[in-house]
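The structures come next, written out as structure tokens.
Shared chain: chain A. Partners: chain B in the first complex, chain C in the second.
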Partner chain A sequence: MITESTIPLFVALPLAGAFLTVLLKKIKGIPDTFGVMVTIGTFVMSIFAVLQLEIGQKVICNVGNWGGFQEVLGKIVGIQLVVDGLTAFMLVVVNFIAFLVAVYSVNYMTRYTEKWQFYSLFLLMLAGMNGVLITGDMFNLFVFVEIASIASYALVAFGTGKRELEASFKYAIMGGIASLLILLGVIFLYSNTGTLNMADMTRILAGGDHPALLYFVFALFLTGFGLKAALVPFHAWLPDAHPSAPAPISAMLSGVLIKALGVYVIVRIFYTVFGFTHEISLVLMTMGAISMGVGALVALRQWDLKRLLAYSSISQVGFIMLGFGIGTPLAILGALFHLFNHSMFKSLLFLDSGAIEYEAHTRDLKEMGGLAKKMPVTNGTTIIGAMSLAGIPPFAGFWSKLIIIVAAVQANHMKLAAWAVLMSIVTIAYVLKAIRFAFLGELKKQFANIT
Partner chain B sequence: MSKEHDRGMTISVKPGTRLTVGLIFLFGIYIILHGHLTPGGGFAGGVIVALSFINLDLAFGGEVSARIFAKGSTSVVEAFGGIMFLALALLGLQWGGFFDNFLHPDGEPGMLISAGIIPLENIAISLKVGAGLFAIFLTLIALQKFESEKK
Partner chain C sequence: MDAYLPYLLCLVLFCIGIYAVISKRNIIKIIIGVIIAEYAVNLFLILVSYKAGGRSPIFSQTQEILPEAMVDPLPHALVLTSIVIGLATTAFLIALAVRLYGKYGTFDNSRMRELRG
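And now, the complex of A and B:
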């Protein structure tokens, strides 16, 4: 099933869905049908990719059949699409969340007008993310990052209220700066190595010692993709952009977009292209630890439910980057596991926050209260997601955090391990705050007629 | 003064636009069709074709181009361009791979009908880019009209 000719379908299927949605928008039910069918299709394909890929195996697709011309003057000139283990894993995460979000949106997006625009942009964003995951070419990577980012700018502004537009504008400016830095980095790399193919670049960079220019490229990529991943010095857009989007898009942005465009690309570039060195490890660990702390401590002070969850995303991405920064096999396992868990529970929590907003028409925790009696299912799923986020033992979030902390101890980073434990405790505090004010306590009388 | 001169720019601009707008449009078509031979291609040609419509609007006021090319059809044309591009790419899967040039793999330098699917993809891109740019322009003038009516 996962062969050379099925790899491009991860991008082609959502793209076709997006364009056909626009063409056939007049027919009732078409946007919903295409949204759900396309995401279920890519999800099933990603499952096949994971099942059929053997360890260490790479499936490569030469776009335009340029494989025959591969060695022009000793350089690979064609664009390659590559599916390896990490890609297949990320494809499952992205497409699974996208499928759930598409199903959720069928009902939720009826609040907004022009549903076809939503599904068209949503599928374009999915095409961009899948493209980022499967590409094996630096410039192609930049193009797909732009597709996904531009679709997400429009989706953040989908409510077209004052706050949404402001958040989207801020996000677009920050994203534009990030793209500029990434493009500059790609240009410098190309001038230095003479190739854009990642595998080729790895081979050339592994040969010689790193010239000084390469460290500048490190900084450019770390800033650019750090902006996309919302690591702490570059996080300012996220707490505005994620809460302003409609709830399914918040789930998509916080659950997978920052990971596909940020974390995955940082890992792909710094692990496979540049090779993992001590300096990179130090930088990633430091940024992870700072993100973890700042995100968690600021989340404590938030009264807007979705804003609290957005800051929590910054904190949890810090955990993931810490795991990748430590760089031992156990730490990478923990980081990947936490990446998967965070996608699941953060998307769940954002969808729950959407359900609360749908019924209670507010996101302010001070105005909520006692919703457990009126919304038992949402209450249950929120508690499950929140407990996983906080790291309470039987839930998955506990085990992934445990693996990261154990790996930190094994690698002799005692202070980092202690910091991670402390931040987990802070996580419990803000999660309990959200549950206490939203679901427990007296039922406010304006919510008495919720059924 | 006839009704036509109430809107748009002054009388010296209008005859000039009348004379040049067709040439600009044809030049855009030329750039698109010669995309595989000379610099330019679908993107640049699509922009030039869209500019010829925009030129009409600038000289004669906001509604002239709408009579030729309605606003609702821009998104349809744009989506059609996208679908056409993707369909050509996917058709390649039948013969050898994604984006495989299945029509005429070996182009002849300087010949208009050569290079296989590349001219067709240029046409698809020009539809998408031209309609997209024109839609952006129409949205901007609609927004400006809305704001000036509010004042």
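And now, the complex of A and C:
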């Protein structure tokens, strides 16, 4: 099933879905059908990709096969799409969440007008994210990052209220600067190595010492993709943008977009293209630890439910970066596991917050209370998601955090391990705050007629 | 010295753009800042492919031209893509600015205070 010819479908299917949705918008039910069918298709394909890929195997597709693959001056010119283990794993995460979000949106998005615009933008964003995952070409990576980003700017502004527009403007400006820095980094790399193909680049960079220019490129990429991943010095847009989007899009942005565009690309570039060095490890660990702390501590004093969850995303991405920064096999396993878990429970929590907003018409924790009696299912799923986020033992979030902390101890980073444990405790605090104020306590009068 | 001048221009343009984004209050001026920075990057992309005395990258039947003597054609293709992406971003930002003006009646960034840090 996963062969050369099926790889481009990961991008082509959502793209085709997006355009057909716009074309056939007049027909009733078309946007929903396309949204769900396309995401089901890509999800099934990603499952096949994971099942059929052998360890260490790479499936490479030469796009167009127009002869650019006869090497010109010893370098490949055409664009290659590559599916390897990490890609296949990320494809499953992205497409699974996309499928769930598409199903959830069928009902939720009826609150907004013009559903076809939503599904069209949503599928474009999915196409961009899948493209980022499967591409093996630096400039192509930049193009797909832009496709996903521009679709997400528009989706953040989807409500077209004051808040949404302002958050989207902030996000778009910061994202635009990030894209410029990424493009600048790509140009420097191209002028240095003379190729855009990642495999070629790896080969050329492995040959010589790292010249000073490469450290400049490190900085550019770290800033650019750090902005997309909302690592701490560059996180300012996330707490505005993620809560402003409609709930399914918050789930998509927090659950997978910051990971596909930020974390995955940082890992791909710093691990496979540049080669993992001591300096990179140090920088990633530091940024991870800072994000973890700042995100968790600021989340503690938030009263807006979605804003609290958004800050918690920053903190959890910090955990993931910490795992990748330590860089031992166990730590990478833990980081990937935590990435998977986080995209699951954070999407779940955002969808729950959407359900609460749908019924209670508020996101302010101070105004909620006693919703457990009225919304038992949402209560149950929120508690499951929150316990996993906080790292309470039987849930998956505990095991992934445990693996990262054990890996930190094994790699002799005692202070980092202690810091991670401390931040897990802070996580429990803000998660309990959210549950206590939203679901427990006295039922407020205005919620008496929720059924 | 002359060879470095275009690069210097790139740097200056980029800095002007970033300065406008950071310090200006008017959102139209912020958008213009992004565009200036973007064009500095595009100019830099073209400069990378420049080769003194290079030929246009077209093979000919009648005369023998070595690939080494040609200007690198790849950045020219890339810069087109980059300009189109810039157009999409700019169009989106301007559409947002129009909607923001409709809501607030001003382009002044400091008077838009719905979101708290």
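Keep in mind that, in the parts below, the second predicted complex is superposed on the first by the 447 of 451 C-alpha atoms of A that agree within 3 Å, B and C clash if a C-alpha of one lies under 4 Å from a C-alpha of the other, contacts with A are read in each partner's own complex, and residues count from 1 in each chain.
Criterion: contacts are C-beta pairs under 8 Å (C-beta built on N, C-alpha and C of every residue); 3 or more make two chains touch, one makes a residue touch a chain.
These figures come from a predicted structure and were not determined experimentally.
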{"item": "Side-by-side fit of chain B and chain C on chain A, or clash", "value": "fit"}
{"item": "Vertex chain A; arms to chain B and chain C (CA centroids, nearest 10 degrees)", "value": "40"}
{"item": "Per-residue touch tally on chain A - higher for chain B or for chain C", "value": "C"}
{"item": "First, second, both or neither for A:Leu432, with chain B first and chain C second", "value": "neither"}
{"item": "First, second, both or neither for A:Phe139, with chain B first and chain C second", "value": "second"}
{"item": "Overlay on chain A, chain C to chain B nearest C-alpha distance, Å", "value": "7"}
{"item": "Those residues of chain A which chain B touches in one complex and chain C touches in the other", "value": "none"}
{"item": "Touching residues on chain A, where the partner in the complex is chain B", "value": "4-5, 7-8, 12, 15-16, 18-20, 22-23, 61-65, 67, 81"}
{"item": "Interface residues, chain A side, partner chain C - complex", "value": "72-73, 77, 139, 143, 146, 150, 153-154, 157, 160, 162-163, 165-170, 172-173, 176-177, 179-180, 183-184, 187, 190-191, 196, 236, 240"}
{"item": "Interfacial residue positions of chain B with respect to chain A in the complex", "value": "75-76, 78-80, 82-83, 86, 89-90, 92-93, 96-101"}
{"item": "Chain A-facing residues of chain C, complex", "value": "18, 21, 27, 30-31, 34, 37-38, 41, 44-45, 48, 67-68, 74-75, 78, 81-82, 85, 88-89, 92-93, 96-97, 99-100, 103-104, 112, 114-115, 117"}
